[in-house]
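Naming follows writing order (A, B, C, D, E, F, G, H, I, J, K and L), and every chain is counted from residue 1.
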Amino acid sequence: MSEHHIYKKLEMVGSSKTSIEDAIENALAECHKSVKNMDWFEVVETRGHIVSGKVGHYQVTIKIGFKIEKS
Amino acid sequence: MSEHHIYKKLEMVGSSKTSIEDAIENALAECHKSVKNMDWFEVVETRGHIVSGKVGHYQVTIKIGFKIEKS
Amino acid sequence: MSEHHIYKKLEMVGSSKTSIEDAIENALAECHKSVKNMDWFEVVETRGHIVSGKVGHYQVTIKIGFKIEKS
Amino acid sequence: MSEHHIYKKLEMVGSSKTSIEDAIENALAECHKSVKNMDWFEVVETRGHIVSGKVGHYQVTIKIGFKIEKS
Amino acid sequence: MSEHHIYKKLEMVGSSKTSIEDAIENALAECHKSVKNMDWFEVVETRGHIVSGKVGHYQVTIKIGFKIEKS
Amino acid sequence: MSEHHIYKKLEMVGSSKTSIEDAIENALAECHKSVKNMDWFEVVETRGHIVSGKVGHYQVTIKIGFKIEKS
Amino acid sequence: MSEHHIYKKLEMVGSSKTSIEDAIENALAECHKSVKNMDWFEVVETRGHIVSGKVGHYQVTIKIGFKIEKS
Amino acid sequence: MSEHHIYKKLEMVGSSKTSIEDAIENALAECHKSVKNMDWFEVVETRGHIVSGKVGHYQVTIKIGFKIEKS
Amino acid sequence: MSEHHIYKKLEMVGSSKTSIEDAIENALAECHKSVKNMDWFEVVETRGHIVSGKVGHYQVTIKIGFKIEKS
Amino acid sequence: MSEHHIYKKLEMVGSSKTSIEDAIENALAECHKSVKNMDWFEVVETRGHIVSGKVGHYQVTIKIGFKIEKS
Amino acid sequence: MSEHHIYKKLEMVGSSKTSIEDAIENALAECHKSVKNMDWFEVVETRGHIVSGKVGHYQVTIKIGFKIEKS
Amino acid sequence: MSEHHIYKKLEMVGSSKTSIEDAIENALAECHKSVKNMDWFEVVETRGHIVSGKVGHYQVTIKIGFKIEKS
């Protein structure tokens, strides 16, 4: 029986008009379509573009870690 | 006709009693009074001061990029 | 009379199911039980674990600064 | 209608005998074979190996961001 | 004939109960199942979880570089 | 019932004549005397002093995270 | 007579369709319109956007230092 | 009544033949001529040039934060 | 007989109206009241607040390392 | 027979009036006069001084790695 | 009598087929042939090349500090 | 006639019982014995050891740049 796990990390950018948290959730939701066993995320960068002097979209870069199912 | 753009970046600190997003919006609103064509922002640092064991103000340092109108 | 202050900094990780701000407040509330004169915080890292493709908990590492009462 | 976009970032190393710019273009050209909607790149590291006291190849590590087509 | 190479980098986390080196080897072994021409690795982070006051598993994040076979 | 946890992080330096892993274990063993619920560690710095051209001691700085028991 | 100098640093982003060097020159040329005594620059970030699988524009962020004329 | 403040940060380099502290004071004195409400500074870099094997001038780069008076 | 040592590191901020060195000494003096065997310090950050265009206080963040007496 | 190699790294600054690549080549050419078996370089910093609003010289700091011939 | 010491730091890369510690020792052993009074080392980077899906050599970059004998 | 210069950088640690500036001067004085054309220095790290609750020696790591005389 295997006693250790291997993880892979992907880097994604989620965006949202409303909040940093929502941008993170949007990235996770998209990634979840193809990666079923996501474990954790790390925020790498928070930025956004500006429209008419206000935040247009928050753009949050995250790394997503997930366990690799052993073949 | 010019085929490239030049941008300038300013560093500002916005504060807010309610949220990190609101602190960012406050910095943008103030900057918008004198800079009309802001394009993007990057969060540099998030901190705050504490009052009675709770967050008093969030203080978010951002860099703001805007296009320079060519003379 | 002393003309300068000395501060100590602690590193804590607060977590929350709802938001980054709430994770910060949770860390401050716990620290406030033993440290009465907290002055400021600095966000060091923002991450979280993922449950069923959504954020399970935000985990925000902060440094908390507080003034040392001189003996 | 969706109001936000999700991006993925890949990390690649392009090389070239002639210039840093050519190394970047080489990495983009290779990535373009499988990723059609590349949006931006960020230079992460510039290095190279040396042959007979001259630059043999420039090796430029870049991150490439591209929009994920929603299913 | 092509005179330059393109590489891709993946980020993985290997774990091991015994050593940092073994955690690296475990990540490489897993990656080797699908990527045949791995060239080099770079250690990005070393951490671990603790069980009963001792290291439970070392968790070593590495970036793995491999040459892309040109189509 | 509480739905979130708070962690504290300490910074320690373990040393060992034999290996990096042993230096980590030594720091954990010492910390375990006063902190019973250590959860994870992060390697911050690896260095050492040199005696007669060989490693005298490895000195490994780690951060140790542990859950705070709520009062 | 003053025996020391004071400098100010601005952060700008130059862009170019052709090269990193040209992007730097473009930023300097624009800045030169209002700042006459620029002394040095430091490259902070190199990135670009991608059009049809090729570099569309290089975008190079630089800091520009210039001596302040004393009043 | 406004409940929050906005700050701007400038980056300057002060120099001095005598000390790091004097270089900081020189930068502040120059900036004070045009900015009246400076609040804090952060040392970003300390360097200098060398004359005849001794420090010619200390060159200290600082960021200066000041409150923006709301219009 | 034990052949290795364990150290703990604390993070403190010393302040002084006169110099960076004095701010460091002030932090050490305060820490010395409760920690008797301090071994070394590392400067982490140097900043200060400004009063009337001059340095009000230097604020120097240091990490202090000290040997743990084994029980 | 020895199964491993040892490398030494030097830090140099090359300059050029024309390009970043030329500055790198200039540093390599100078180093090549005394070091015959240079293997690789890493760009550490890119900067330059400005003359009349244009780049006077590019100044590129590189680390140069070379194999040590065993005695 | 002199009351202070001066140190120089060299940057070297040691390699080993077996472990990170062995790579460090190999670098120290080579350096020891010409530098007799090495005092400490700091690990700067840990990487390696891969052969047949396993670690071929660990390559550990270290800085080595040694006291300068005063003339 | 050559139109560009090449510089080499050395890393040294100066120490002093009195101040950070004196530690820098001590490193420069020692280096000056063998390197005659030192041009600039950059402070890399400031630390020290502690004796009886006070600073024993400041230890300042600097990089020293000097022009290479062309052969």
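Here, a residue touches a chain if its C-beta (ideal position, glycine included) is under 8 Å from a C-beta of that chain, and two chains touch if they have at least 3 such contacts.
These figures come from a predicted structure and were not determined experimentally.
Path length between chain E and chain H in the touching-chain graph (shortest route): 3. Between chain A and chain J, the least number of touching-chain steps is 2. Looking across J-L, A-D or D-G, the interface that copies A-B in more than half of its residue contact pairs is found at D-G.
Set against the C-alpha centre of chain H, every other chain centre is closer than that of E.
Interface residue usage between chain J and chain L, two copies of one sequence, is largely distinct: under half of the residue numbers at the contact are used by both copies. One finds 23 Å separating the Cα centroids of chain H and chain I.
Averaged Cα coordinates give chain G a centre that lies 30 Å from the centre of chain L. Once the centre of each chain is set as its mean CA position, chain G and chain H turn out to be 21 Å apart. Along chain E, residues 10-11, 19-20, 31 each make contact with two or more other chains. Chains touching one another form the pairs A-B, A-C, A-D, A-E, B-C, B-G, B-H, C-F, C-I, D-E, D-G, D-J, E-F, E-K, F-I, F-K, G-H, G-J, H-I, H-L, I-L, J-K, J-L, K-L.
Residues 19-21, 24-25, 28-29, 31-32, 36, 38-43, 64 of chain B touch chain A in their complex. Interface residues of chain B, counted against chain G in their complex, comprise 3-9, 11, 63, 65, 68, 70-71. Those residues of chain H whose C-beta lies close enough to touch chain L in the complex are 19-20, 45-50, 53-55, 58.
Those residues of chain J that touch chain L in the shared complex are 10-17, 23, 26-27, 30-31, 33, 57, 61.
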